[in-house]
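When the chains are written out, they are named A, B and C in that same order, and each has its own residue count from 1.
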Amino acid sequence: MGMLPDYQQAKKTTPLLVVNSLHKRFPAPGSGGDLTVLAEVELAVHRGEFLSIIGRSGCGKTTLLRCIAGFEKPSRGSLRIEGREITGPGIDRMMVFQDTEQLFPWLTVLGNVEFALQAARVPRRERRARAVHFLEMVGLERFLDYYPHQLSGGMKQRVAIARALSVRPRMLLMDEPFAALDAMTRSLLQQELLQLWQQTKATIIFVTHNIQEAIIQSDRILVLRPLLPAGSTGSRDPAFIRAAGGGAGPVLNPGLGSMAALIDNPLPRPRQPDMPGFGVIWRQLHRLIGLEVGTRAGLVAQPVAEPAAQPVAEAAPVST
Amino acid sequence: MLPATNKKRETEKVWPRRRNLFSSRLARQVGWLLMVGAAWEAVARAGIYPPILFPRLSDVFVALLAEVRGGEILARTGWSLGTISLGVALAVTISIAAAALALGLRPLRSLVDALLNVLHPLPGIAVLPIFLLWFGTGAPAVLAVVVFSCIWPMVQNLLAGLESVPRTQIDAGRNLGLGRARLALFVLIPASLPYALAGLRLAWARGWQTAVAGEMVFGAGGGDGGLGWFIYKRRFFLEIPAVFAGMLMIILIGILVEHVIFGTLEHLTVRRWGMSRTE
Amino acid sequence: MRLIQIGIAGWSRAGKSGVRGHVASPALPRPRLLRSLPVLMLAVAMALALMVLAAPALTVSRVLGAAQPAEKIRIAQQFGLVYAPLSIARELKIFEKHGLQVEWRQLGSGAAVNEALIAGQVDVGFMGIPPFLIGWDKGVPWKVAVGFAEVPIVLVTYREDIKSLADFTSKDKIALPSPGSVQHLLLGMAAKRELGNAQALDSLLVAMAHPDGMAALLARRDITAHFTTPPYGFELLSRPGFHAVLTDQQAFGGRFSFNVGVVTQQFHDSRPRAYRQLVAAITEAMNWLETHKKEAAPILAPEFNLSTDKTYAYLTWPGVRYTVEVRGLMKFARFMHENGFIRRLPASLDDLAWENVAALVPPGEE
């Protein structure tokens, strides 16, 4: 009934991104000790996949994304893109930030995209045409000569997306790019992003705290959870690790790492909140994120294993 | 005349419609100045004060014209502008080097901070007597004192500017694979430009004040000096209208630099980019 | 006219918005402000003018006007060898003897003395003839009342290669107290004679107070010469390696009053008695000092911060004379007029000096 996500085919080849046993610690302010933000992250992302990372604030979503982008170095473990270790930021992993100040205010809309193309060593004569092409894709062809401060927040984020896509990165890393926007703009941009994703066959890792956004957009959803304060590195569960590579169905991580679950989202596209099955996944995610309120034991004791494929006719839950 | 216009105003509610002479800020300021000038002229003409203490404004303009025609005031202005420009340019160069070093090497940062804290509050004019001994009278002392006065506000603003660059813009630059040099050139410098411009403005003002004051109080420029020396000399010959003419020249230069040079610079850059900190 | 009309309309509306309710629009305060602005400007300007006009009624009239029977006079107090007669008069209470009560005003520089006289804040000031002439040229109503002192002035250098004014190059700098000072004019006179142009050395001038100039010269840096008065000239010449390039006698071609006592028309005309007493007191102080240098030295030594011997040596230095005779007034005037330092040429001594001075000018030295 639905079309098979591209990544289902891609899965058969080697993954684009492989995250192995990733730990990230920061020096805790004041105490002199370390604060572990990420532990035991195991992940494989395939070409063309749309992966969302969701979780409550402070659970390390952005840190994981920044590790992939190369802004942060892992304290332990490794990140590989096409087999090569990630050692720093690179133009092959373009980040779209939540902050609308990410555009350079001294460059025009066109200038911002052209600057990225220059950094990507695109020959001068090709830059303009390519920049215009990507700005057309986000519907800003009439605003080429505007400066960022003359644009609305939504338009700025569109420019940022165009800028990121224009250099044809291997993956697009998006850190709650629509969080600062109003609900209507946000929903519009979600649809546009999905169109762009399908047009460009980009690989997208998308951090959000909005469950509905995650379900509508992504092929898979990684749920992160805050770590316990001390001695938090638990044993690794081989079953989970296997599943994290792209197994079917939601998988729970009984260990103590950052990953609460990595679930598949088989809903056919285009997705609406009132479609069958949506509510099941929504509740599942809601519980996974909400479970963290309770004891850690609760997670192990009540594994959520509601089959997602089973259609459930019900009213769509109101999104967060 | 009122009823018709007022009815219209009620319905259209457009106050800018009444664009009389006083609706622009410039016109209003000029209006004020004309009024004050007229008051001055009236007082001077009333003849209560000896003209030598309180010359007529018209005499001041006559003196200015005469000095301009005679050429001396222009030569002195040129000297001042040249010396101060050179001083500011040197100060900017040193400041950029200092800011770059402070940013690049952590221990140097605290050194720069320490110097800044100790020396910034010291007015340039206060170190002039020492500079006169070290560098001698004339251009070297004036130059030194201008550099001294300009460096601190410049460094302070440059550092503040670099620190104010949004984290996201730096990340966006790094994301594009820019190295340190290109990141500094293409991201840090333009992003901190509003502060740099503010610093430059402040540096110019301080340099100008210090140079003129130094020449007036200490005769630091010597016989070859600038506008300060011009005023100093005219004062001793009791040519009070010419003293006022010298001040007028300082004001004119100030307006020119502030509004034409810095104003244009801002309009071409930070104002256009929506990065302006003023307004 | 139109402006005023608009303005009045604005004011009236501001005041009577209730009465003319259909006209007033409280949501639009701005046009009202704009309309009243010209009036406001005019009002402020007029208030400003009135304030400035009223001020002299309070100060200047009190200062210059009322002739008070009690002969109080205000004298600008200055220190230095040149002003020794003032110190003597004060110590020996000579002013009091002549029925004067002196209010001393401490002033920092010669220019400040001139300005205080012009503004009517002191009654008598002592200054060089050139600054006096500059003021007279500009119409300051003042004249010379008395001569004061003659002192040797020397242009001292440490540069052995500088023997005359022609040896100065554009890299040299000559320190003197201020433009328009006696030193400046003497240099101009010498430059006129030796170099053909009174302003030939003006671009080398640096204005420095005597102690600063001496320190700069002793440092043997960029200041190559210092045109100065006693005791600085004495001090410099007493050291090895310093020599005089020019003396006041060479420059002027004769004797002249280094300082003269100057009194404003206001004081002279409105307080004739005080004027006579002042001249008499100064004359007595000068005469006493000139004839009692031995006794004067211990009185003056603490003020100069010198030993009594040194003070005596300075007081008796060749060329130092305390005399009420006035010399060189017209000669300075003619030179300054010829060379563009002043625009008016006094017709006679009477233009420059009060009636008592004619008797004080030795023949041929006016």
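By definition in this document, contacts are C-beta pairs under 8 Å (C-beta built on N, C-alpha and C of every residue); 3 or more make two chains touch, one makes a residue touch a chain.
None of these values were measured; they are calculated from a predicted model.
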### Query
Which chain is in the middle, if each chain's centre is the mean of its C-alpha atoms?
B
### Query
Max contacts between which two chains?
B-C
### Query
Taking each chain's centre as the mean of its Cα atoms, which chain lies farthest from subunit C?
A
## Note on the structure
Between the Cα centroids of subunit A and subunit B the separation in whole angstrom comes to 50
### Task
Provide the C-alpha centroid distance between subunit A and subunit C, rounded to the nearest whole angstrom.
83
### Task
Report, in whole Å, the distance between the mean C-alpha point of subunit B and the mean C-alpha point of subunit C.
34
### Query
Which of the residues in subunit B end up touching subunit A in this complex?
166, 168-169, 171-172, 174-178, 186-187, 190-191, 193, 269, 272-275
### Query
subunit C touches which residues of subunit B in the complex?
2-3, 6, 9-10, 13, 15, 18, 20-23, 28, 31-32, 35-36, 38-40, 42-43, 46, 48-53, 132-133, 136-138, 219, 222-224, 232-233, 235-240
### Query
Which residues, counting only subunit A, touch subunit B once they are in their complex?
69, 71, 88-91, 93-95, 97, 99, 101-106, 115-116, 119-120, 147-150, 167
### Query
Touching subunit B in the complex: which residues of subunit C?
3, 6, 9, 22-23, 25, 27-28, 30-31, 34, 37-38, 41-42, 44-46, 48-49, 52-53, 56, 60, 111, 114, 118-119, 131, 134-135, 137-141, 173, 178-181, 202-208, 215-216, 219, 221-223, 341
